[in-house]
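Okay, got some structures for you below.
Presented sequentially are two complexes of chain A, the first with chain B as partner and the second with chain C.
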Partner chain A sequence: VTGDRKTRICEVSLPQNSSLCRFGDVEDGKVWKGGEWYCLSSRSGLPGWHFIPLQQPTTNTVEEPLDLIRLSLDERIYVKMRNDRELRGRLHAYDQHLNMILGDVEETVTTVEIDEETYEELYKSTKRNIPMLFVRGDGVVLVAPPLRVG
Partner chain B sequence: MESEGAESSVPAPVEVFSSIRERTIAENSMVVLLQGLQGEVTTVDLRNESTARGRVISVDAFMNIRLADVLYRDRRDQLTRLQDLFVTGRNVRYVHIPDHVDIMKTIQNQLSKIHRVRNFASEGGGRKEFPKKTK
Partner chain C sequence: MSLLALTLACRCVFQLFYSFFKSLVGKDVVVELKNDLSICGTLHSVDQYLNIKLTDISVTDPEKYPHMLSVKNCFIRGSVVRYVQLPADEVDTQLLQDAARKEAMQQKQ
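So, the complex of A and B:
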(Lines of atoms letter the chains of each structure in order from A and count residues from 1; the text may use other names and numbers.)
(Lines give C-alpha, C1' and ligand atoms only; values in the text may rest on other atoms or scores of the structure.)
Protein backbone atom coordinates (compact mmCIF):
# COMPACT_ATOMS: atom_id res chain seq x y z
CA VAL A 1 0.00 0.00 0.00
CA THR A 2 1.55 3.27 -0.96
CA GLY A 3 0.29 6.58 0.14
CA ASP A 4 1.34 9.50 2.18
CA ARG A 5 0.77 9.15 5.86
CA LYS A 6 -2.49 10.66 6.90
CA THR A 7 -3.50 11.54 3.35
CA ARG A 8 -7.06 11.08 2.41
CA ILE A 9 -6.33 9.04 -0.69
CA CYS A 10 -4.94 5.57 -0.48
CA GLU A 11 -3.27 4.53 -3.69
CA VAL A 12 -3.12 0.83 -4.21
CA SER A 13 -0.64 -0.28 -6.83
CA LEU A 14 -0.96 -3.81 -8.04
CA PRO A 15 1.60 -5.56 -10.26
CA GLN A 16 -0.13 -5.23 -13.60
CA ASN A 17 -2.94 -2.90 -12.80
CA SER A 18 -3.03 0.16 -10.75
CA SER A 19 -6.19 1.40 -9.22
CA LEU A 20 -6.91 4.33 -7.04
CA CYS A 21 -9.20 3.76 -4.18
CA ARG A 22 -10.41 6.61 -2.12
CA PHE A 23 -10.77 4.93 1.19
CA GLY A 24 -9.42 6.73 4.19
CA ASP A 25 -6.35 7.87 6.09
CA VAL A 26 -3.28 5.70 5.55
CA GLU A 27 -0.75 4.80 8.17
CA ASP A 28 1.71 1.91 8.23
CA GLY A 29 -0.23 -0.30 5.84
CA LYS A 30 -3.40 0.20 7.82
CA VAL A 31 -6.26 2.40 6.75
CA TRP A 32 -8.50 4.33 9.08
CA LYS A 33 -12.05 4.74 7.96
CA GLY A 34 -15.31 5.23 9.73
CA GLY A 35 -13.89 4.73 13.19
CA GLU A 36 -12.20 1.44 12.35
CA TRP A 37 -8.80 0.20 11.25
CA TYR A 38 -8.63 -1.93 8.14
CA CYS A 39 -5.75 -3.64 6.43
CA LEU A 40 -5.36 -4.62 2.83
CA SER A 41 -5.52 -8.31 2.23
CA SER A 42 -5.97 -10.67 -0.65
CA ARG A 43 -6.86 -13.54 1.59
CA SER A 44 -10.43 -12.57 2.27
CA GLY A 45 -11.68 -15.42 0.10
CA LEU A 46 -12.84 -12.96 -2.54
CA PRO A 47 -11.02 -12.08 -5.75
CA GLY A 48 -8.72 -9.09 -5.73
CA TRP A 49 -7.70 -6.90 -2.85
CA HIS A 50 -10.05 -6.08 -0.04
CA PHE A 51 -10.07 -4.22 3.16
CA ILE A 52 -10.65 -6.42 6.16
CA PRO A 53 -11.19 -5.10 9.67
CA LEU A 54 -8.17 -5.24 11.95
CA GLN A 55 -8.51 -6.24 15.58
CA GLN A 56 -8.23 -3.20 17.80
CA PRO A 57 -4.85 -3.03 19.50
CA THR A 58 -5.12 -2.72 23.25
CA THR A 59 -3.75 0.54 24.55
CA ASN A 60 -2.95 1.47 28.10
CA THR A 61 -4.13 5.06 27.92
CA VAL A 62 -7.67 6.04 28.75
CA GLU A 63 -9.01 7.63 25.60
CA GLU A 64 -12.75 7.22 25.71
CA PRO A 65 -15.43 6.30 28.24
CA LEU A 66 -15.31 2.62 27.28
CA ASP A 67 -11.69 2.55 28.39
CA LEU A 68 -12.84 3.31 31.91
CA ILE A 69 -14.81 0.10 31.83
CA ARG A 70 -11.68 -1.65 30.58
CA LEU A 71 -9.98 -0.57 33.82
CA SER A 72 -12.64 -2.50 35.75
CA LEU A 73 -12.03 -5.81 33.99
CA ASP A 74 -11.83 -8.68 36.48
CA GLU A 75 -13.03 -6.40 39.24
CA ARG A 76 -16.35 -6.43 40.97
CA ILE A 77 -18.69 -3.80 39.54
CA TYR A 78 -22.15 -2.44 40.05
CA VAL A 79 -24.43 -2.26 37.01
CA LYS A 80 -27.69 -0.35 37.02
CA MET A 81 -30.13 -1.65 34.44
CA ARG A 82 -33.49 -0.66 33.06
CA ASN A 83 -36.66 -1.79 34.79
CA ASP A 84 -35.30 -1.12 38.28
CA ARG A 85 -32.68 -3.84 38.21
CA GLU A 86 -29.19 -3.83 39.61
CA LEU A 87 -26.38 -6.30 39.16
CA ARG A 88 -23.31 -6.78 41.30
CA GLY A 89 -20.71 -9.10 39.90
CA ARG A 90 -17.22 -9.63 38.55
CA LEU A 91 -16.73 -8.20 35.07
CA HIS A 92 -15.13 -10.79 32.80
CA ALA A 93 -15.75 -9.26 29.38
CA TYR A 94 -17.56 -6.47 27.61
CA ASP A 95 -17.95 -5.04 24.13
CA GLN A 96 -18.89 -1.74 22.50
CA HIS A 97 -22.61 -2.41 22.94
CA LEU A 98 -21.98 -2.93 26.66
CA ASN A 99 -22.91 -6.58 26.33
CA MET A 100 -21.17 -7.97 29.40
CA ILE A 101 -20.21 -11.25 30.95
CA LEU A 102 -20.48 -11.13 34.71
CA GLY A 103 -19.42 -13.85 37.14
CA ASP A 104 -20.90 -14.49 40.59
CA VAL A 105 -23.66 -11.97 40.06
CA GLU A 106 -26.35 -10.91 42.43
CA GLU A 107 -29.38 -9.42 40.69
CA THR A 108 -31.63 -7.10 42.66
CA VAL A 109 -35.10 -6.31 41.33
CA THR A 110 -36.85 -3.45 43.10
CA THR A 111 -40.61 -3.12 43.02
CA VAL A 112 -42.89 -0.45 44.45
CA GLU A 113 -46.18 -1.46 45.92
CA ILE A 114 -48.68 1.22 46.79
CA ASP A 115 -50.98 0.64 49.73
CA GLU A 116 -54.50 1.21 48.51
CA GLU A 117 -55.74 2.98 51.65
CA THR A 118 -52.80 4.93 52.91
CA TYR A 119 -51.19 5.42 49.49
CA GLU A 120 -47.93 4.50 51.12
CA GLU A 121 -45.11 3.40 48.85
CA LEU A 122 -43.65 0.07 49.90
CA TYR A 123 -40.30 -0.74 48.28
CA LYS A 124 -39.61 -4.44 47.88
CA SER A 125 -36.45 -5.95 46.45
CA THR A 126 -35.89 -9.52 45.32
CA LYS A 127 -32.40 -10.88 44.94
CA ARG A 128 -31.08 -13.91 43.15
CA ASN A 129 -27.62 -15.29 42.49
CA ILE A 130 -26.35 -16.52 39.14
CA PRO A 131 -22.87 -18.05 38.65
CA MET A 132 -22.19 -16.76 35.11
CA LEU A 133 -24.36 -14.34 33.20
CA PHE A 134 -24.33 -12.77 29.75
CA VAL A 135 -26.03 -9.36 29.85
CA ARG A 136 -27.34 -7.70 26.70
CA GLY A 137 -26.03 -4.17 26.44
CA ASP A 138 -29.22 -2.35 25.62
CA GLY A 139 -30.52 -2.92 29.13
CA VAL A 140 -27.50 -1.34 30.80
CA VAL A 141 -27.92 2.17 32.21
CA LEU A 142 -24.68 2.69 34.11
CA VAL A 143 -21.56 0.86 35.23
CA ALA A 144 -19.73 1.78 38.43
CA PRO A 145 -17.45 0.33 41.08
CA PRO A 146 -19.44 -1.43 43.78
CA LEU A 147 -21.06 0.94 46.23
CA ARG A 148 -19.19 1.21 49.47
CA VAL A 149 -21.23 0.25 52.52
CA GLY A 150 -21.50 2.75 55.36
CA MET B 1 -28.12 -16.79 4.38
CA GLU B 2 -28.29 -19.93 6.48
CA SER B 3 -27.72 -23.39 5.14
CA GLU B 4 -29.12 -26.03 7.47
CA GLY B 5 -28.74 -29.76 7.68
CA ALA B 6 -31.59 -32.20 7.14
CA GLU B 7 -34.69 -31.42 9.17
CA SER B 8 -35.57 -33.98 11.80
CA SER B 9 -38.28 -34.11 14.43
CA VAL B 10 -35.81 -32.83 16.99
CA PRO B 11 -33.69 -30.09 15.38
CA ALA B 12 -30.00 -30.88 15.85
CA PRO B 13 -27.26 -28.23 16.06
CA VAL B 14 -26.50 -27.08 12.51
CA GLU B 15 -23.48 -25.44 10.94
CA VAL B 16 -24.60 -21.89 10.34
CA PHE B 17 -22.98 -19.99 7.49
CA SER B 18 -23.95 -16.36 7.82
CA SER B 19 -23.28 -13.50 5.42
CA ILE B 20 -19.99 -11.64 5.48
CA ARG B 21 -21.79 -8.73 7.06
CA GLU B 22 -23.09 -10.91 9.87
CA ARG B 23 -19.73 -12.49 10.45
CA THR B 24 -18.04 -9.10 10.75
CA ILE B 25 -20.66 -7.82 13.14
CA ALA B 26 -20.36 -10.98 15.21
CA GLU B 27 -16.57 -11.11 15.42
CA ASN B 28 -16.41 -7.57 16.76
CA SER B 29 -18.84 -8.15 19.61
CA MET B 30 -19.57 -10.64 22.37
CA VAL B 31 -22.25 -12.42 20.39
CA VAL B 32 -19.54 -14.90 19.39
CA LEU B 33 -19.71 -16.34 22.89
CA LEU B 34 -23.43 -17.00 22.50
CA GLN B 35 -22.77 -18.53 19.09
CA GLY B 36 -20.32 -20.88 20.73
CA LEU B 37 -23.04 -22.04 23.10
CA GLN B 38 -24.82 -23.90 20.31
CA GLY B 39 -25.84 -27.31 21.58
CA GLU B 40 -25.78 -26.30 25.24
CA VAL B 41 -28.83 -26.16 27.47
CA THR B 42 -29.18 -22.65 28.84
CA THR B 43 -31.74 -20.30 30.30
CA VAL B 44 -32.55 -17.11 28.44
CA ASP B 45 -34.20 -14.35 30.44
CA LEU B 46 -36.40 -12.27 28.19
CA ARG B 47 -37.18 -8.59 28.41
CA ASN B 48 -40.80 -9.37 29.23
CA GLU B 49 -39.78 -10.94 32.56
CA SER B 50 -40.25 -14.47 31.26
CA THR B 51 -37.61 -17.17 30.95
CA ALA B 52 -36.98 -19.86 28.38
CA ARG B 53 -34.81 -22.87 29.20
CA GLY B 54 -33.75 -25.09 26.34
CA ARG B 55 -31.02 -26.26 24.01
CA VAL B 56 -29.49 -23.53 21.83
CA ILE B 57 -29.82 -24.36 18.16
CA SER B 58 -28.35 -21.19 16.72
CA VAL B 59 -27.55 -17.60 17.52
CA ASP B 60 -26.98 -14.98 14.85
CA ALA B 61 -25.08 -11.71 14.90
CA PHE B 62 -28.16 -9.80 16.05
CA MET B 63 -28.55 -12.12 19.05
CA ASN B 64 -31.68 -13.76 17.61
CA ILE B 65 -31.73 -17.11 19.41
CA ARG B 66 -33.35 -20.35 18.36
CA LEU B 67 -34.00 -22.88 21.13
CA ALA B 68 -35.30 -26.45 21.12
CA ASP B 69 -37.16 -28.50 23.77
CA VAL B 70 -38.00 -25.36 25.65
CA LEU B 71 -39.53 -24.93 29.05
CA TYR B 72 -41.06 -21.48 28.83
CA ARG B 73 -41.98 -19.82 32.11
CA ASP B 74 -43.95 -16.61 31.76
CA ARG B 75 -44.00 -13.72 34.23
CA ARG B 76 -46.80 -15.41 36.18
CA ASP B 77 -44.70 -18.58 36.56
CA GLN B 78 -46.92 -20.48 34.19
CA LEU B 79 -44.99 -23.26 32.48
CA THR B 80 -45.34 -24.17 28.82
CA ARG B 81 -43.44 -26.80 26.85
CA LEU B 82 -42.36 -25.73 23.38
CA GLN B 83 -40.55 -27.76 20.77
CA ASP B 84 -39.03 -24.77 19.02
CA LEU B 85 -38.71 -21.17 20.15
CA PHE B 86 -37.27 -18.18 18.29
CA VAL B 87 -36.38 -15.15 20.38
CA THR B 88 -35.64 -11.82 18.72
CA GLY B 89 -32.32 -10.34 19.82
CA ARG B 90 -33.95 -7.20 21.16
CA ASN B 91 -36.03 -9.26 23.56
CA VAL B 92 -33.07 -10.90 25.27
CA ARG B 93 -32.18 -9.59 28.70
CA TYR B 94 -29.81 -12.24 30.05
CA VAL B 95 -28.35 -15.52 28.89
CA HIS B 96 -27.25 -17.86 31.65
CA ILE B 97 -23.93 -19.44 30.81
CA PRO B 98 -23.55 -23.07 31.95
CA ASP B 99 -20.84 -23.63 34.53
CA HIS B 100 -18.87 -26.10 32.45
CA VAL B 101 -18.35 -23.68 29.55
CA ASP B 102 -14.84 -22.30 29.15
CA ILE B 103 -15.51 -18.77 27.94
CA MET B 104 -12.12 -17.95 26.45
CA LYS B 105 -11.90 -21.24 24.60
CA THR B 106 -15.44 -20.92 23.25
CA ILE B 107 -14.78 -17.41 21.96
CA GLN B 108 -11.48 -18.46 20.38
CA ASN B 109 -13.05 -21.48 18.72
CA GLN B 110 -15.85 -19.38 17.31
CA LEU B 111 -13.46 -16.72 16.02
CA SER B 112 -11.27 -19.33 14.37
CA LYS B 113 -14.35 -20.77 12.66
CA ILE B 114 -15.14 -17.34 11.28
CA HIS B 115 -11.57 -16.79 10.09
CA ARG B 116 -11.43 -20.24 8.59
CA VAL B 117 -14.50 -19.55 6.48
CA ARG B 118 -13.06 -16.21 5.49
CA ASN B 119 -9.76 -17.73 4.35
CA PHE B 120 -11.45 -20.67 2.71
CA ALA B 121 -10.58 -19.70 -0.86
CA SER B 122 -6.93 -19.10 -0.10
CA GLU B 123 -6.27 -22.38 1.62
CA GLY B 124 -3.88 -24.48 -0.47
CA GLY B 125 -3.00 -21.56 -2.70
CA GLY B 126 -6.35 -20.17 -3.71
CA ARG B 127 -6.70 -17.75 -6.56
CA LYS B 128 -3.19 -16.48 -7.07
CA GLU B 129 -4.24 -13.78 -9.47
CA PHE B 130 -1.86 -11.31 -7.87
CA PRO B 131 1.19 -12.59 -5.99
CA LYS B 132 1.39 -11.57 -2.35
CA LYS B 133 2.82 -8.10 -2.21
CA THR B 134 5.55 -7.50 0.37
CA LYS B 135 6.02 -3.86 1.26
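So, the complex of A and C:
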Protein backbone atom coordinates (compact mmCIF):
# COMPACT_ATOMS: atom_id res chain seq x y z
CA VAL A 1 0.00 0.00 0.00
CA THR A 2 1.63 3.24 -1.11
CA GLY A 3 1.65 6.44 0.88
CA ASP A 4 -1.18 8.25 -0.76
CA ARG A 5 -3.57 5.39 -0.36
CA LYS A 6 -3.32 5.04 3.35
CA THR A 7 -6.16 6.27 5.47
CA ARG A 8 -5.62 9.85 6.49
CA ILE A 9 -7.34 12.11 8.88
CA CYS A 10 -9.07 14.90 7.01
CA GLU A 11 -7.55 18.30 7.46
CA VAL A 12 -9.28 21.53 6.64
CA SER A 13 -7.64 24.87 7.07
CA LEU A 14 -9.77 27.52 8.66
CA PRO A 15 -10.17 30.64 6.55
CA GLN A 16 -10.10 32.96 9.54
CA ASN A 17 -6.76 31.85 10.86
CA SER A 18 -3.94 29.75 9.65
CA SER A 19 -4.20 26.90 12.08
CA LEU A 20 -5.11 23.46 10.88
CA CYS A 21 -7.93 21.53 12.41
CA ARG A 22 -8.27 17.81 12.36
CA PHE A 23 -11.31 15.65 12.20
CA GLY A 24 -11.28 12.14 13.46
CA ASP A 25 -13.18 9.51 11.59
CA VAL A 26 -15.37 11.49 9.27
CA GLU A 27 -18.99 10.54 9.68
CA ASP A 28 -19.55 9.68 6.05
CA GLY A 29 -16.52 7.42 6.03
CA LYS A 30 -14.93 9.02 3.02
CA VAL A 31 -11.30 9.89 2.78
CA TRP A 32 -10.29 11.98 -0.17
CA LYS A 33 -7.29 11.35 -2.26
CA GLY A 34 -4.25 13.57 -1.93
CA GLY A 35 -3.87 17.11 -3.15
CA GLU A 36 -7.33 18.34 -2.48
CA TRP A 37 -9.39 17.78 0.59
CA TYR A 38 -13.10 17.67 0.87
CA CYS A 39 -14.33 17.19 4.32
CA LEU A 40 -18.03 16.83 4.95
CA SER A 41 -19.01 16.28 8.50
CA SER A 42 -22.48 16.68 9.86
CA ARG A 43 -20.97 17.20 13.26
CA SER A 44 -19.09 20.37 12.47
CA GLY A 45 -21.98 22.76 11.90
CA LEU A 46 -19.57 25.59 12.28
CA PRO A 47 -19.91 28.69 10.16
CA GLY A 48 -17.13 29.87 7.99
CA TRP A 49 -15.65 26.52 6.98
CA HIS A 50 -14.24 26.30 3.51
CA PHE A 51 -14.98 23.12 1.69
CA ILE A 52 -12.85 22.32 -1.26
CA PRO A 53 -14.68 19.74 -3.33
CA LEU A 54 -12.67 16.96 -4.85
CA GLN A 55 -13.58 15.74 -8.31
CA GLN A 56 -13.48 12.08 -7.52
CA PRO A 57 -14.37 10.77 -4.11
CA THR A 58 -12.81 7.44 -3.29
CA THR A 59 -13.30 5.15 -0.39
CA ASN A 60 -10.18 3.89 1.19
CA THR A 61 -11.62 0.69 2.52
CA VAL A 62 -10.87 -2.48 0.63
CA GLU A 63 -14.06 -4.45 0.82
CA GLU A 64 -14.15 -6.72 -2.16
CA PRO A 65 -11.60 -8.32 -4.46
CA LEU A 66 -12.21 -5.70 -7.15
CA ASP A 67 -11.01 -3.07 -4.71
CA LEU A 68 -7.61 -4.73 -4.70
CA ILE A 69 -7.47 -4.24 -8.43
CA ARG A 70 -8.45 -0.60 -7.99
CA LEU A 71 -5.35 -0.17 -5.83
CA SER A 72 -3.25 -1.31 -8.79
CA LEU A 73 -4.43 1.35 -11.24
CA ASP A 74 -1.44 3.00 -12.91
CA GLU A 75 0.80 0.27 -11.52
CA ARG A 76 2.41 -2.60 -13.32
CA ILE A 77 0.53 -5.85 -12.90
CA TYR A 78 0.77 -9.47 -13.90
CA VAL A 79 -2.22 -11.11 -15.56
CA LYS A 80 -2.55 -14.84 -16.10
CA MET A 81 -4.90 -15.74 -18.91
CA ARG A 82 -6.39 -18.86 -20.39
CA ASN A 83 -4.43 -20.88 -22.92
CA ASP A 84 -1.12 -20.50 -21.09
CA ARG A 85 -0.78 -16.80 -21.71
CA GLU A 86 0.61 -14.20 -19.37
CA LEU A 87 0.64 -10.45 -19.59
CA ARG A 88 2.73 -7.88 -17.80
CA GLY A 89 1.73 -4.28 -18.22
CA ARG A 90 0.53 -1.05 -16.65
CA LEU A 91 -3.11 -1.10 -15.67
CA HIS A 92 -5.05 1.88 -17.00
CA ALA A 93 -8.64 0.70 -16.72
CA TYR A 94 -10.75 -2.25 -15.67
CA ASP A 95 -14.37 -3.10 -15.03
CA GLN A 96 -16.36 -5.69 -13.13
CA HIS A 97 -15.97 -8.20 -15.95
CA LEU A 98 -12.19 -7.80 -15.67
CA ASN A 99 -12.01 -6.27 -19.12
CA MET A 100 -8.80 -4.25 -18.90
CA ILE A 101 -6.71 -1.73 -20.71
CA LEU A 102 -2.99 -2.33 -20.26
CA GLY A 103 -0.15 -0.15 -21.47
CA ASP A 104 3.43 -1.22 -22.32
CA VAL A 105 2.42 -4.85 -22.36
CA GLU A 106 4.61 -7.88 -22.68
CA GLU A 107 2.67 -11.02 -23.59
CA THR A 108 4.20 -14.45 -22.95
CA VAL A 109 2.71 -17.51 -24.61
CA THR A 110 4.01 -20.80 -23.26
CA THR A 111 3.84 -24.00 -25.25
CA VAL A 112 4.80 -27.53 -24.34
CA GLU A 113 6.37 -29.75 -26.92
CA ILE A 114 6.65 -33.40 -26.11
CA ASP A 115 9.47 -35.33 -27.67
CA GLU A 116 7.97 -38.38 -29.32
CA GLU A 117 10.79 -40.72 -28.39
CA THR A 118 11.93 -39.63 -24.99
CA TYR A 119 8.57 -38.18 -23.86
CA GLU A 120 10.50 -35.22 -22.60
CA GLU A 121 8.54 -32.04 -22.11
CA LEU A 122 10.12 -29.03 -23.73
CA TYR A 123 8.70 -25.69 -22.58
CA LYS A 124 8.90 -22.88 -25.07
CA SER A 125 7.73 -19.35 -24.55
CA THR A 126 7.09 -16.64 -27.10
CA LYS A 127 7.03 -13.02 -26.12
CA ARG A 128 5.81 -9.91 -27.83
CA ASN A 129 5.38 -6.28 -26.87
CA ILE A 130 2.26 -4.22 -27.47
CA PRO A 131 2.08 -0.51 -26.56
CA MET A 132 -1.62 -0.39 -25.66
CA LEU A 133 -3.97 -3.34 -25.34
CA PHE A 134 -7.61 -4.00 -24.49
CA VAL A 135 -8.04 -7.39 -22.83
CA ARG A 136 -11.45 -9.04 -22.71
CA GLY A 137 -12.30 -10.17 -19.24
CA ASP A 138 -13.53 -13.66 -20.02
CA GLY A 139 -9.97 -14.76 -20.76
CA VAL A 140 -8.55 -13.52 -17.48
CA VAL A 141 -7.71 -16.05 -14.79
CA LEU A 142 -5.54 -14.17 -12.29
CA VAL A 143 -4.48 -10.61 -11.56
CA ALA A 144 -1.51 -9.89 -9.31
CA PRO A 145 1.36 -7.48 -8.72
CA PRO A 146 4.28 -8.31 -11.00
CA LEU A 147 6.26 -11.33 -9.94
CA ARG A 148 9.71 -10.49 -8.68
CA VAL A 149 12.38 -12.16 -10.73
CA GLY A 150 15.65 -13.04 -9.04
CA MET B 1 -13.54 18.15 -24.76
CA SER B 2 -13.11 14.79 -26.38
CA LEU B 3 -16.10 12.53 -26.84
CA LEU B 4 -14.74 10.19 -24.24
CA ALA B 5 -14.29 13.00 -21.74
CA LEU B 6 -17.83 14.18 -22.31
CA THR B 7 -19.33 10.74 -21.95
CA LEU B 8 -17.40 10.05 -18.82
CA ALA B 9 -18.23 13.40 -17.35
CA CYS B 10 -21.81 12.24 -17.08
CA ARG B 11 -22.26 10.09 -14.08
CA CYS B 12 -23.51 7.03 -15.94
CA VAL B 13 -20.31 5.19 -16.48
CA PHE B 14 -21.61 1.67 -16.12
CA GLN B 15 -20.33 1.05 -19.61
CA LEU B 16 -16.79 2.25 -19.38
CA PHE B 17 -15.39 0.25 -22.24
CA TYR B 18 -18.38 0.88 -24.48
CA SER B 19 -17.76 4.62 -24.14
CA PHE B 20 -14.06 4.09 -24.56
CA PHE B 21 -14.47 2.22 -27.83
CA LYS B 22 -16.98 4.74 -29.11
CA SER B 23 -14.30 7.38 -28.70
CA LEU B 24 -11.97 5.30 -30.88
CA VAL B 25 -14.33 5.02 -33.86
CA GLY B 26 -12.42 5.90 -36.99
CA LYS B 27 -9.09 4.75 -35.63
CA ASP B 28 -7.09 1.77 -36.83
CA VAL B 29 -7.01 -1.17 -34.48
CA VAL B 30 -5.93 -4.78 -34.56
CA VAL B 31 -8.45 -7.26 -33.18
CA GLU B 32 -7.07 -10.59 -32.07
CA LEU B 33 -9.69 -13.30 -31.79
CA LYS B 34 -9.75 -16.33 -29.55
CA ASN B 35 -9.06 -18.53 -32.57
CA ASP B 36 -5.73 -16.72 -33.01
CA LEU B 37 -6.90 -14.75 -36.02
CA SER B 38 -5.66 -11.15 -36.08
CA ILE B 39 -7.58 -8.61 -38.10
CA CYS B 40 -6.40 -5.06 -38.72
CA GLY B 41 -9.02 -2.50 -39.69
CA THR B 42 -10.72 0.78 -39.01
CA LEU B 43 -13.15 0.75 -36.12
CA HIS B 44 -16.53 1.56 -37.60
CA SER B 45 -18.82 0.97 -34.68
CA VAL B 46 -19.24 -0.81 -31.37
CA ASP B 47 -22.20 -1.73 -29.20
CA GLN B 48 -22.87 -2.40 -25.54
CA TYR B 49 -21.75 -6.01 -25.88
CA LEU B 50 -18.50 -4.75 -27.39
CA ASN B 51 -19.40 -6.34 -30.71
CA ILE B 52 -17.15 -4.64 -33.25
CA LYS B 53 -17.60 -3.61 -36.84
CA LEU B 54 -14.42 -3.09 -38.79
CA THR B 55 -14.02 -1.64 -42.26
CA ASP B 56 -11.17 -1.96 -44.75
CA ILE B 57 -9.81 -4.99 -43.04
CA SER B 58 -6.57 -6.78 -43.70
CA VAL B 59 -5.04 -9.72 -41.93
CA THR B 60 -1.91 -8.96 -39.96
CA ASP B 61 -0.42 -12.31 -39.01
CA PRO B 62 0.38 -14.19 -42.18
CA GLU B 63 0.48 -17.70 -40.74
CA LYS B 64 -2.73 -17.63 -38.83
CA TYR B 65 -5.46 -16.54 -41.20
CA PRO B 66 -7.96 -18.05 -43.58
CA HIS B 67 -8.05 -16.42 -46.98
CA MET B 68 -10.07 -13.27 -46.53
CA LEU B 69 -8.83 -11.35 -49.53
CA SER B 70 -12.29 -10.39 -50.73
CA VAL B 71 -13.63 -9.36 -47.35
CA LYS B 72 -13.66 -5.60 -46.80
CA ASN B 73 -15.92 -5.17 -43.81
CA CYS B 74 -16.74 -7.46 -40.97
CA PHE B 75 -18.82 -7.77 -37.84
CA ILE B 76 -17.12 -9.43 -34.89
CA ARG B 77 -19.09 -10.82 -31.97
CA GLY B 78 -17.68 -9.36 -28.78
CA SER B 79 -17.36 -12.68 -27.01
CA VAL B 80 -14.81 -14.03 -29.50
CA VAL B 81 -12.38 -11.16 -29.00
CA ARG B 82 -9.25 -11.90 -27.01
CA TYR B 83 -7.39 -8.61 -27.44
CA VAL B 84 -7.75 -5.31 -29.22
CA GLN B 85 -4.46 -3.60 -29.95
CA LEU B 86 -4.86 0.15 -29.74
CA PRO B 87 -2.82 3.13 -30.91
CA ALA B 88 -1.11 4.28 -27.72
CA ASP B 89 -1.22 7.95 -28.59
CA GLU B 90 -5.00 7.93 -29.02
CA VAL B 91 -5.52 6.80 -25.46
CA ASP B 92 -5.74 9.24 -22.59
CA THR B 93 -4.49 7.06 -19.76
CA GLN B 94 -5.18 9.58 -17.02
CA LEU B 95 -8.79 9.93 -18.07
CA LEU B 96 -9.15 6.17 -18.25
CA GLN B 97 -7.79 5.66 -14.78
CA ASP B 98 -10.11 8.29 -13.33
CA ALA B 99 -13.05 6.75 -15.14
CA ALA B 100 -12.15 3.28 -13.91
CA ARG B 101 -12.12 4.51 -10.34
CA LYS B 102 -15.50 6.16 -10.79
CA GLU B 103 -16.90 3.03 -12.38
CA ALA B 104 -15.60 0.90 -9.54
CA MET B 105 -17.25 3.19 -7.00
CA GLN B 106 -20.55 3.19 -8.86
CA GLN B 107 -20.43 -0.55 -9.18
CA LYS B 108 -20.17 -0.92 -5.45
CA GLN B 109 -23.14 1.28 -4.68
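We take it that the second predicted complex is superposed on the first by the 92 of 150 C-alpha atoms of A that agree within 3 Å, B and C clash if a C-alpha of one lies under 4 Å from a C-alpha of the other, contacts with A are read in each partner's own complex, and residues count from 1 in each chain.
Everything below uses one rule, namely that a residue touches a chain if its C-beta (ideal position, glycine included) is under 8 Å from a C-beta of that chain, and two chains touch if they have at least 3 such contacts.
This structure is a prediction, so every number in the text was calculated from the model and none was measured.
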First, second, both or neither for A:D95, with chain B first and chain C second: both
Partner chain(s) touched by A:M132 [first = chain B, second = chain C, both, neither]: both
Chain C-contacting residues of chain A that also contact chain B: 92-96, 99, 101, 130-136, 138-139
Interface residues, chain B side, partner chain A - complex: 24, 27-31, 33-34, 47, 63, 89-90, 92-99, 101, 103, 117-122, 126-127, 129-133, 135
Chain A-touching residues of chain C, taken from the complex the two chains share: 16-17, 20-21, 34, 50, 78-79, 81-88, 91, 93, 96-105, 107-108
In the complex with chain C, residue positions of chain A that touch it: 55-59, 63-64, 66-67, 70, 73-74, 92-96, 99, 101, 103, 130-136, 138-139
Complex contact set, residues of chain A against chain B: 1, 14-16, 29, 42-49, 52-53, 92-97, 99-101, 130-136, 138-139
